[in-house]
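One chain, chain A, links the two complexes that follow: it is found with chain B in the first and with chain C in the second.
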Partner chain A sequence: MHGHNEALFLEEISSFLGLYYLFLAALNAGAAFYLWRRGRGIRLIGPIRSFHCWLLLALLFTMIAPLAFSGDPQVMRWISLPPSVRDFIDWLMGPVVYSVGTVAVLTVLFVGRRFFVKPTVAWLMLNGALLFMGLAMTDPDFADIVRKPDNVPIVGLIYLLGYFTWLGAYLAVENDKRIQQGLPPKEKELDEKVLVWPDLVYTELICMIAVTALLFVWAICIKAPLEEPASAVKTPNPSKAPWYFLGLQEMLVYYDPWMAGVVLPSLIIFGLMAIPYLDFNKKGNGYYTIDERKFSYIVFQFGFIVLWVTLIVLGTFLRGPNWNFFGPFETWDPHKVEALNNVDLSEFFWVRWLQRARPRPPEDAGMLIKVGVILIRELPGILLLIGYFAITPAAMVVWSRFFRELFKKMGLFRYMTMMFLLQVMLLLPVKMVCRWSFNLKYFIAIPEWMLNF
Partner chain B sequence: MPSLSEIIRHSQIWKSIFRHPAPVDRRNRVVVMLTNFFLHLHPVSIKKQGIALSYTWCMGGVTFFLFLVETVTGVLLMFYYRPTLEWAYKDILALRDVMSMGILRELHRWGAHAMVITVWLHMYRVFLTGSYKPPREFNWVIGVILLLLTLLLSFTGYLLPWDQLAIWAITVGSNMARATPILGHEGPGSQLLTVDGIPMITNASDARFALLGARFVGEETLNRFYVLHCIALPLAVAFLLAIHFWRVRKDGGISGPL
Partner chain C sequence: MSEGNKPSIEEILATCRRLDQGRKSGARPAESPQPKAEISSPAAPELAAAEAAQPVKESQPQPAAVERRPASQMSVEEVLAAARRKPGQAAATGGAQKPAEAKAAPAKTGAQMSVEEVLAAARRGAAAAKPAESPAAKAPQKTAAAAAEAKPAAPERKTVPVPADTASILAAARAAAKPGPISKAEAAARAKAAPAEPAKPKALSMPERPAYLQPRPKPEPAGPSRRSFFGALVGVIFGSSLAVGFASLFVTNLLWLLGLARFMFPNILTEPPTVFKVGYPDDYAPGQVETRFVAQFGVWIVRYEYQGQPQIFALRTVCTHLGCTPNWLEAEQKFKCPCHGSGFYKDGINFEGPAPRPLERYAIRIAEDGQLEVDKSRRFQEELGQWKDPASFVPV
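For the complex of A and B:
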C-alpha cells in the first residue's frame, strides 16, 4: 500500500537513522577504548578479548551508517526487519503473548541474574536492543508511534529502566557474593567520611550541567506537540490519558472505572506508603542485595516493572483506535473489529452450569427482597471473592512454612494488611487470565447498584 | 599587577556576597559549607557512600533540579499565557510561531516528562537499597506523596495548551472520578445518598464536578487546573521537599550499611 509514501518516509528518517548508527558505533568504540586502557576486557577465545568484539561492532555500525544515510529504499531493505519477520511479530503479538512473554523474560533474567548481570553479557543485550530498534525504525507504522513527541520519553524510560535495573542487580549480585563469603557489603568500604566541598558539590554541579545540556538538546530537536484547538465535539480515536496514567487506562479493559480509576490507584498509593511498615526484614538496609530480601524484591519488581511499566508500554505503543490491540508494525486501522462477548460469572453459574435463568426479583417486590435476590444471583462471585480474600491468607499459613514465618513475625494485623494488598495486586493478572481463557467479564455484576467487580 | 579576577575577588562587593574565598584547605572547606545559604542544606562531611553515583544514581538531586527548572521556565511561561478559552490556545501558538528561537515550552514540557521519570528512578533506587527501612520510614511516606504530587502537576499542566490532545487526555483521566464509590454519580453506592427520593450525588455535585468545576472540561476547569498547576501544587511540593531534605539529614544522612 505504501509505494511512493514509503520512499518519502525512508528519506525523511534516513538522516536520523544514520546518526543513530554512528552513535551506536561511538558507544561501542568508547567501550572498547575504556576497557583497553584499563586492561579490563575479559578473555573470550585465545587472545581475543571482549574489547576486540566491541571494536568490531563499532566498525560494523560505522559501515551500516552510510546505508542508512542513503535513504534509498533498495539499500534500506538491507537494514530493515524483513516483512515476513514483521508480519510474524504482529501475528504473534496480542495482550496474552505480550504480558505472559514479558513475565517469562523477566523471570528468566531474574533466575539467571548471576549470568545476565555480567557486563559483557549486559552490553551485548544492550547492543541487541538498540540494533532491533534501528532495524524496526524503517517501518513507518513503528516509527510513527515511537516518534510521537509525547512518546519519546517512554522510549527513554525503557532504556533508563533497563540500565538501572541492570546496575542495581549487578551491585546486588556482587554484594550477595561477598556476603556468602562472610564479607560485609561493598558499601561498607565507603564508610570513611569525606568533605562535601569539593567532592559532593562538584558532582552535583556536573550533574546539573549534564541535565541542562540534555534538556536543551531534547528541546531543540523535538518540538512540543500542539494539535488543533480543543473541540468538545470532535473526539479523537483513540483518546489517551497522559502516558504515565496509561497503566490505569489499560486496567479499564479488565475493571470498571470505579476500580481502575479510583480504588486501585488509592490502594497503590496506600500500599507504597505501607511498605516500610510491612517489610520487617532488618537486612538489606543501605546496600544493594537481592538474596537477603528476595521476597520484597520480587514483590516490588512485579508491581513496578510488570504491572506499572509494562502496562504503560502496552497502553502507549500497542493500543490503537477503540483501544484495540495492534502489533508494533501494524497500521492503526479504526475499523478493526474485535469480537467482545464477555460473560459474567453469574451467567456461567446459573445459565451454563445449572441450565436455568438467572434469578430475577419480581417487579413489585420490596426493597429487601430485591437485595436478597440480587445477592443470591451473585452468590458464586461473592463467595469466590470472600474465599479469595479471607481463606487464602489462612491457607498460606497452614501450608507454607515461609508464610507461617511471616505470620509469626508480623502479627495478625500486619500480616492481613500485607496479604490484602498482595492479593489485590495479584487479582489484576488473575482477572486478565480469566478474561483471556474464558472471556470472564465480572466476578460480581450488579449493574443495579453500578457495582461491577 | 593583580589580575582582573583578583581585583574582583578582593573588592568589597564580592566579599560582601561571598563571605569566603574559594576554599582550598580543610578548614575553609568546612567553613564554606556552614556560611553559604545554598550549601547549608548539606552536611559538612559525608560518608563516601553518599556521594557514590553508583549508589544514589543522583536521582533525588536530579529530580530536585528539574523541579527548579520547571519553576523557572514555568514562571517565564506565565508571562505569556492567559488561562481563558479565548487566549489559552492562541498564546501557546504564539509561543511557537512568534517568539524567535522559542524553546521555552519545550524545556518546560520535556522537563516535566523527565521529572516524572527521574522520580520513579529515585523511588526505585531507594527501594533497591532498602533505604526506606528504619529510621527512614516516614521519609519514604513523604516521598510517596511527592510522587503523587509530581504526577498531579504533570496532569494539571497537560490541559493548559487547550488543544485536542489536552482536553481529551484530561477528559479520559477525569471521567474516572465519575465512578468514585459513593461520591461519583456513576459510582457504586451513590444511590445511597438520597433525600426524599432525590439523589444528592448528580453530575453537578459529584467528585468529578469538584475536580472540573463543571459538568465537562470547560473554562472553569481550565481555571481550576491553572491555579492548581501554578500555585497550589508547587507550594505543596516545595513544603514537602523542605521536610524531605530535612529528614534526610535528621535520619542520619544518606543510608548505608550499619
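For the complex of A and C:
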C-alpha cells in the first residue's frame, strides 16, 4: 500500500507525533495546574493527590515527545505497539467480536456508571485512549486510515461523542444521587432565567467565531479529499458513502436495498417521531437523569451508539477494498479472499436440513401455482418472522414483569407499536451476527418479486 | 400604556402560593412586616395588591425614600421601578375609594381569603392603576386618584379596550384562576360581589373627523381617453383585461411546456449505440472474461458455460444490489462489487454479499458478417428463467 518504506514513513509521521505528545503533556499539565490552584484534586494514597498523577503523566509525555520527534526506527520501536498486540487487536476487530464486544463494553460502562463518570476515572480513560492512538500511529496502515482526510472528522467524532456521553452520564448520576437523598435535581434548584441578550447571543457569537477559526485551520492543514473524475462504469474500490451515512451503507450489506435504503431509514424517522406518543414517563423533563428513565436511556443509547455510531466507525476504519473486513493494523489488500458464500434460510431448511432440493415451480405452471410453490419454499422464513413480530410482544408480557407494566400503562396499540419498532431495531444486529456466524443471507428470499428480507 | 406594568399571572400566582403557604404553616417570616400588618386590615384588595407588587420590589430592591425624590433626580431605572410599584399603591387608594369592593369580602381577613379572591383583587388593583401608569412614569409622586382624573385628558391614547367594568374583570380573573365547577359558597360570593359595583366610567366616543380628513371624491375623467378606448376594445374581444393577462400567461406556459417536450427528443444522441459488434467468437478463449468494453458500453463478454452448455454471453456491468460497477478479479475468478461486497461467479450467478439475484445478460447474436453483436435494448434475468432464451447467448 505504501510507496515508501518504513523508515521514510516514520520520518514523515515523527513531527506530527512529537507535537501530539507535547499536546498531551500540555493537556495533563493544564489539568494538574487547574486542580492544584482550585485545591480540588482527590486524595489517592496519603499525601498524593490526583493532580500529582496528572503532573507525572505530563512529565512522561514530555519525555516521549523527543523520542517521537527523532523519527528513528530504533527509537520509535519503544513508543509503538508490539506486533503481537497489533495482531491481537486485528483479531479483536473481527466483526462478531467487534459488535458483540461493543455492546458488552457499553453494558459494563452503563452498569458501573457511578464509577466511570468520576472525573478522575474519565480523565484516566481519555489519557488511555489518546496514548493508544499515539502508540498506534507508528503503524503505517493505521496511520493511513486515521489520517485520510475523509476520516479525520470521524476520529474527532469519536472523542467528542465520548466527551458528551460522559458529560450527560455525569450530570445524570449527580442528579440521581440528589434524587435519592430527596433533593430536587440540580437543574431545578438553579432554575435561573438567562437573558437572550447578551448572555445567549454572546455565547453564540463566540462559538461562531471559534468554529470559523477552526474551519480555517482545518481547510489549510488538511487537503480536500477529492477523487478521480466520476465515471458511470468505474466505481472506486472501496466505495464509501459520506461518513455520516456509513451506518446506512453497512446496513445495506445485510438487507435488500429496498429494506435498508427505504423501509428502515423511514422507520428510523417515524420511530423517532413516535417517541413522544409512546413515552408516558413524565420524569426527567428538563434535567439529566438515568435512574428515572432507565428504559428510555438504554433504548436510545443502544440505537444511537451501537446501531449508528459503531456502524459508522466500522464502516470507516474496518471496511476495506471489496468491502471486506480489515483490522486497523492490516494492509488493505484488494485481493483478500474471504469465504462469504452466503446461504438463504430456505436453503438451510430444505437442502441442509431436509436433504432435498428446494421446491421449484414448474416452468409452465400457472400464476397461482407459482405463487404457492414460492410461498412454500420460503415458509420457514415467513413463519420465523411472523413468530418474531407477533409472538415476542405477547411472550414478553407473560414472562417479564417490566413489560407487563409497560403493557398496562400503554395499552395494546401503543405497546405493539413500541414493540414493533424495538424489534425492527434489534433485527439489525441479529441479522448481522447471523450473517457473520452462519453466512445467512436472507430470512425470506423471493428474488422473483424483488422481495428479500 | 405598557402592558408590562400589570402584575403578570405568574407573579400573582406566586403571591397567592406564598399566602397559602404562610397560612398553612401559620408562621409568616418575621422580616416581612408589610403583609403581617395587613393581615389584620379589613381591606382585602390592599393586601393582595401590595403582595402582587412585591415581586417587582424584590427584583429591584430600593429604599422607599427614592419615591419621594423629584422625578428629575431619579435615574431611569428608579423611575421604572417606581412606576412598577404604582399599581400597588393605586390599588390601595382605589380600594379605599371603593368601599363597595371592600364589602365584597366583608368580614374576611387576609388569612381567610381564597386564592380566587386574591387574584381578583390583584387584577382589580392592576386595572385601576393602568390608566395612571403613563403619567405616573413622569411624576411618581402623583397619586393614582389624580392620575385617574387625568385620564379623560388623554382619551385618544386609549386604543386598547380595557374592560373597565369591575364585575367583568372579576369574572375574567375568576375564570382564569379556576375553570370548571364552583361551589355554592363561591357562587354566592360572586353574586354578592357583582351588584356592589360602582357606576361604570363613561364610554368614550370617537370625535368627529375633521373636514380635511374626509375622503375627497375623485374627479370624473373628462371625456374618453385613448387607454379607455383600447381597454374597451380588448374587453369587447376577450371579455376583460384580466382575461387577456391569464390568456397570455397560459399561452406562454404552453409554449414552455412544448419546448420542454421537444428537449426530450434531441436531434443528436452522444450516447454510444445500443447495438454494437464485439469481434468474432474465435477471438475469445474458453473461460475468458473480456473487460475491454466496460468503459464504453458497460458490458463483459464472457465465454464460459451455463448449465453445462458452453456459450458466449454479454453480462451487464451493474450490480443487482444497488447498481455499482463490480470489478472482475482475474486471480479470484469472480466479479466483486466494491460498494457492499457482493460477489458473482464467472457465469454471473451471485454467491456472496447482499446481491439478491444474478447479473443480467444483454441480447447477443452472430451478425451477418460473422461477428458477435450485442443488443443492449434487451435484457435477460436468470431468476425469471430467461437465460434459456436463445437470444441471450451464442453457443460455441
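Following the convention adopted for this analysis, the second predicted complex is superposed on the first by the 440 of 453 C-alpha atoms of A that agree within 3 Å, B and C clash if a C-alpha of one lies under 4 Å from a C-alpha of the other, contacts with A are read in each partner's own complex, and residues count from 1 in each chain.
We take it that contacts are C-beta pairs under 8 Å (C-beta built on N, C-alpha and C of every residue); 3 or more make two chains touch, one makes a residue touch a chain.
Values in this document were obtained by computation on a predicted structure and should not be read as measured data.
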First, second, both or neither for A:239, with chain B first and chain C second: both
Chain B versus chain C as contact partner of A:262, first or second or both or neither: first
Broader residue contact with chain A after superposition on the shared chain, chain B or chain C: B
Chain B versus chain C as contact partner of A:321, first or second or both or neither: second
First, second, both or neither for A:219, with chain B first and chain C second: first
Chain B versus chain C as contact partner of A:168, first or second or both or neither: first
Which superposed partner A:92 touches (first chain B, second chain C, both, neither): neither
Contacts of A:395 with chain B and chain C, given as first, second, both or neither: neither
Touched partner set for A:253, first chain B, second chain C, both or neither: second
Contacts of A:340 with chain B and chain C, given as first, second, both or neither: second
Residues of chain A at both interfaces, chain B in one complex, chain C in the other: 231-232, 234-236, 239, 249, 256-257, 261, 450
Of all residues in chain B, those that touch chain A in their complex: 23, 26, 29-30, 32-33, 39, 42-55, 57-58, 61-62, 65-66, 69, 89, 92-93, 96, 103, 105-107, 109-111, 113-114, 116-117, 120-121, 124-125, 127-134, 136-138, 140-141, 144, 147-148, 151, 154-155, 158, 161-169, 171-173, 175-181, 184, 186-191, 216-218, 255-258
Residues of chain C that touch chain A when the two form their complex: 294-295, 298, 317, 321-322, 324-327, 329, 331-332, 336-341, 343, 351-354, 356-357, 383-385
Complex contact set, residues of chain A against chain C: 231-239, 249, 252-257, 261, 321-324, 334-335, 337, 340-342, 363, 441-442, 445, 447-448, 450, 452
Residue numbers on chain A that touch chain B, as the complex places them: 150, 153, 156-157, 160-161, 164, 167-168, 171-172, 184-185, 187-188, 190-201, 203-204, 207-208, 211-212, 215-216, 218-220, 222-232, 234-236, 239-242, 244-245, 248-249, 256-258, 260-263, 269, 272-273, 275-277, 279, 281-289, 293, 297, 300, 304, 446, 449-451
